[in-house]
Amino acid sequence: MGIILGENQYGKAEVRLVHVDRSQPQHVITDFNVTTQLRGDFGSTHRQGDNSAVLPTDSQKNTVYAFAREYGVGEPEDFALRLGRHFIATLPQVNGARIAIDQYPWERIPVGSAGPDHAFVKPGGERRNTVVTLDGDDSWVVSGLADLVVLKTTGSEFAGFPRDRYTTLAETTDRILATSVTARWRYRAEVAYGQVYAPIRTLLLETFARTHSLALQQTLYTMGSAVLEAFDDVAEIRMSMPNKHHYLADLTPFGLDNPNQVFIAGDRPYGLIEAQVTRDDDISDPGRAWESVPGFI
Amino acid sequence: MGIILGENQYGKAEVRLVHVDRSQPQHVITDFNVTTQLRGDFGSTHRQGDNSAVLPTDSQKNTVYAFAREYGVGEPEDFALRLGRHFIATLPQVNGARIAIDQYPWERIPVGSAGPDHAFVKPGGERRNTVVTLDGDDSWVVSGLADLVVLKTTGSEFAGFPRDRYTTLAETTDRILATSVTARWRYRAEVAYGQVYAPIRTLLLETFARTHSLALQQTLYTMGSAVLEAFDDVAEIRMSMPNKHHYLADLTPFGLDNPNQVFIAGDRPYGLIEAQVTRDDDISDPGRAWESVPGFI
Amino acid sequence: MGIILGENQYGKAEVRLVHVDRSQPQHVITDFNVTTQLRGDFGSTHRQGDNSAVLPTDSQKNTVYAFAREYGVGEPEDFALRLGRHFIATLPQVNGARIAIDQYPWERIPVGSAGPDHAFVKPGGERRNTVVTLDGDDSWVVSGLADLVVLKTTGSEFAGFPRDRYTTLAETTDRILATSVTARWRYRAEVAYGQVYAPIRTLLLETFARTHSLALQQTLYTMGSAVLEAFDDVAEIRMSMPNKHHYLADLTPFGLDNPNQVFIAGDRPYGLIEAQVTRDDDISDPGRAWESVPGFI
Amino acid sequence: MGIILGENQYGKAEVRLVHVDRSQPQHVITDFNVTTQLRGDFGSTHRQGDNSAVLPTDSQKNTVYAFAREYGVGEPEDFALRLGRHFIATLPQVNGARIAIDQYPWERIPVGSAGPDHAFVKPGGERRNTVVTLDGDDSWVVSGLADLVVLKTTGSEFAGFPRDRYTTLAETTDRILATSVTARWRYRAEVAYGQVYAPIRTLLLETFARTHSLALQQTLYTMGSAVLEAFDDVAEIRMSMPNKHHYLADLTPFGLDNPNQVFIAGDRPYGLIEAQVTRDDDISDPGRAWESVPGFI
């Protein structure tokens, strides 16, 4: 029996880059968490500890900071593509890369007309992200968002389901529906990434709000379909939506009714609904786009 | 040598209560994390396992949900006072209580004039909180906020400090200043708690933004002073502000300058600045208000 | 353009099951975190909210607890296979499943010969896990461990690497090597899962300790090879090992040397080394084993 | 109304120090998380941003690393006392300090008689800690442990409790008892800290195991008493023990009994039991020992 080195990659994870554009009185802040991973011919370091091909992960980190100065940052997709293409172009032993970026949003602190324009507050919660996969001259961009927590106090049902020996759940025609949306979509063309992100996010939110939900699956599918219908450059979308259960408190032992007013927010377990929504007119090749992207959680 | 039972308390922690007010077409959601702790004569359960005085923590949890139905929720301070007074009034063995509530904010999802008004998005990040301490007929209310992350891209200096054998830090007249504000303030009178919280939060934000900072201590003190000057019902404020360091990336090895554009966001260690700011015209008795409240982190 | 529902699955995540075997005076405790996901014909719930095929996730949770009573728990792989086969056998609309289990270890509290044998302490840290994928009559078992944190104070070098414009790292022939091992291996045959887990873990630990490391890649590959050489039923192993950097503190400004004694433990960024190690005599079909398993982090 | 600066302190938090003693073939590793906070006359930095008294937190961090080289690390209590006394002795504006250290345990990886003796595995979970408070020439040492998770599968009851309108809990004479022990004890004399920590930890574990529990309060009190009775140098102990509920799964809907075998491990809410246990022969002055130590959680 012989041992074989299979797929492998290495790089620097979670490089925390904050960039300030001070070219205008109103500063612009960009907050990235960058992970670079290189692929190529790295057999000798695995087998013999020969590092002659291994550009240090420390150098990859340095490249992130240097590029932010040399080229600015811009959209995470563009920054990731630039980094990946640089490594492939300058290192002969590298033939592929995976560059992932999380972006944390910051909002301006409003201080009136005479106030400073360089103070920010971090809303927390959701974040924008991208995973760019490069293989030689090919590249794929999968972008998305994570931890977008939404809730509806009504307009959600769950009924008509089958019952087996282990089923005790009651049907309901009015429940709280809450989830934390993780969505990732694959672009089939290069776009102005910064111009489509906010509209996609808004569409996801509005569709969640407007959809009368018969099942969380239906809500997910409707949200995904809306994105595909509105954004021609999106080839497919994969979503993972936990059902963050809110249990109606049983107050009858205390002589009280509870007309959908008092709920127990549960932690675990939670339902977990995951699906891919795609289109029948897409002839783009997903290639290696999803190989190292968790389409589902 | 004899063993003595000293201070003690018991209760239910992190009761997750979500309340929906459906009385108007526009639903109102309130999201609390409630911790109740009772104090009194509980020596026999500690010493002999005699539980005849120990109202189960399960009953305390039930009370939280039942009270939400019977009285509604309202402001966290009012809900906490009602709970604490109930336990003291109805249980002869209980003479004190500590009721703590964290409130998670939710924002409406805007969907246009014809849309539903029962869909929400959770911004994450900061949260409002209160700790109410009751001792017999006395009560103290300490309210605050936590995890309010703010940052200034300029308008911050740190210079003029002393140097000892272990000092290597360079002086700076322009740095990023970032912190996560934890603030707790003690009321010296009952107020309309819901009407002062948002203005205090806004004032903290604006003062952070407007203050040219020579030290994080100065920023903290200015923020605290602003609250005391504007809100006569606030007796004192205690703040804990980590200095979330953003290090200027040294790009000189790559032949690049870095005029305050590219920063490394550090995790640990971090500076930690903590102070109490109070007023000389306060004759209120803090009593037991801070005994089990971490004024500092 | 038509919308297409692609891959999808749903189920209950993080069902926290604790089972006590009281059949002997020495109790045996098993602590699982179970996630069930079903695959099959669920188009109508996504498209029309028709739930006639959707066995509630609540029923899946009930099944976990009921099966623990009916059949006991045993090894996580066996319990997962039993659950998956049950869903496929009893629900005509279900043709596949993904059952994942994390197991938390508990150790006995030693209390002497006369003491009780039903008290445990949880060591924290690492955990054993498995992901079982079923597709009709086929099944694949991928087991592993996560968060196994190890460190060597010497016996680790990193030198001989190439240098580009952005390289500033110094070579070292003696450094701290620390990592948190995540390993997942695919079985090519059914085995007595409980009898191989502990020896594989021990072999990973010992190989880490014994290997003089010229690169973390080499350490990883040596660890993976050792498992394949010793365990014939393991077809392949995938490992993800962050390089948890320990930086030598520069004490020269204080007139002090530092002969590898004082280190700064870094948080972020960290190196990330990931590879698959396999064997040339394996003719087993990985099938869908890795489709929803993060082989790399 | 005038604004007053009250209590204040500042310093560097979470300085991650790893020290390797290489003086013997068997290396010794010490892993600390150090937080230093200085107290004294810092009014001018708060009020005017005058930093002439403010030794940078960066210098405090440097001192931690330099001291580890100059004096070694030893026990966390001794290291903390040395740091605190240094700041008070060398900085005239500093008259007090709070030095807190968490210590993470590491265990040797056994590799046989011929193997290396410099490889370690981190068990995770519990950690040892100390908070040393200094005020001029006075000092107080409060040491403890956190996150020590223990569980008993039997030997625990809860019955005989009072019932009010909101009580629905059933009495039980056999339940799982699980908790995560946080304990902090104050020394009334300087001791060989490293020699008493392990025995105290063992005694806490054994007492938990041996005590037939009628209430978690009783278990806590018995554990605390045991420490006071066995360790004359401990003046008092404060413990915080969450009741990590394990609910018996109700399997009757499935035609199954459940004789204390299958449990649901709950997350939230949880009971929270906190008490101080002290001795009647103690004349030591707690002074400022507990001022900034959370005796209860």
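Residue numbering begins at 1 within each chain, and the chains themselves are lettered A, B, C and D in the order written.
Methods note: contacts are C-beta pairs under 8 Å (C-beta built on N, C-alpha and C of every residue); 3 or more make two chains touch, one makes a residue touch a chain.
Here the structure is a predicted model, which is why all the values come from computation and not from measurement.
Farthest from subunit D in terms of Cα centroid separation is A.
Across the two interfaces under comparison, A-D and B-D, the one joined by more C-beta contacts turns out to be B-D. Averaging C-alpha coordinates per chain places the centre of subunit C 30 Å away from that of subunit D.
Chain centres here are Cα means. That of subunit A falls 38 Å from that of subunit D.
Computed from the mean C-alpha positions, the centre of subunit B lies at a distance of 23 Å from the centre of subunit D.
Multi-chain contact residues of subunit D (touching two or more other chains) are listed as 16, 62, 66, 166, 168, 253-254, 267-268. The touching residues of subunit A, when paired with subunit D in their complex, are 165-166, 168, 253-254, 267-268. By the touch criterion given at the top, residues 1-16, 35, 37, 42, 45-59, 61-63, 66, 90-91, 158-164, 166-169, 213-215, 217-218, 220-221, 224-225, 228-229, 236, 238, 242-243, 268-281, 292, 294-296 of subunit C touch subunit A in their complex. Those residues of subunit D that touch subunit C in the shared complex are 16-22, 27, 29, 31, 62, 65-66, 68-70, 106, 109, 111, 115-116, 118-126, 147-155, 176, 205-206, 208-210, 246, 249, 251, 253-254, 256-267.
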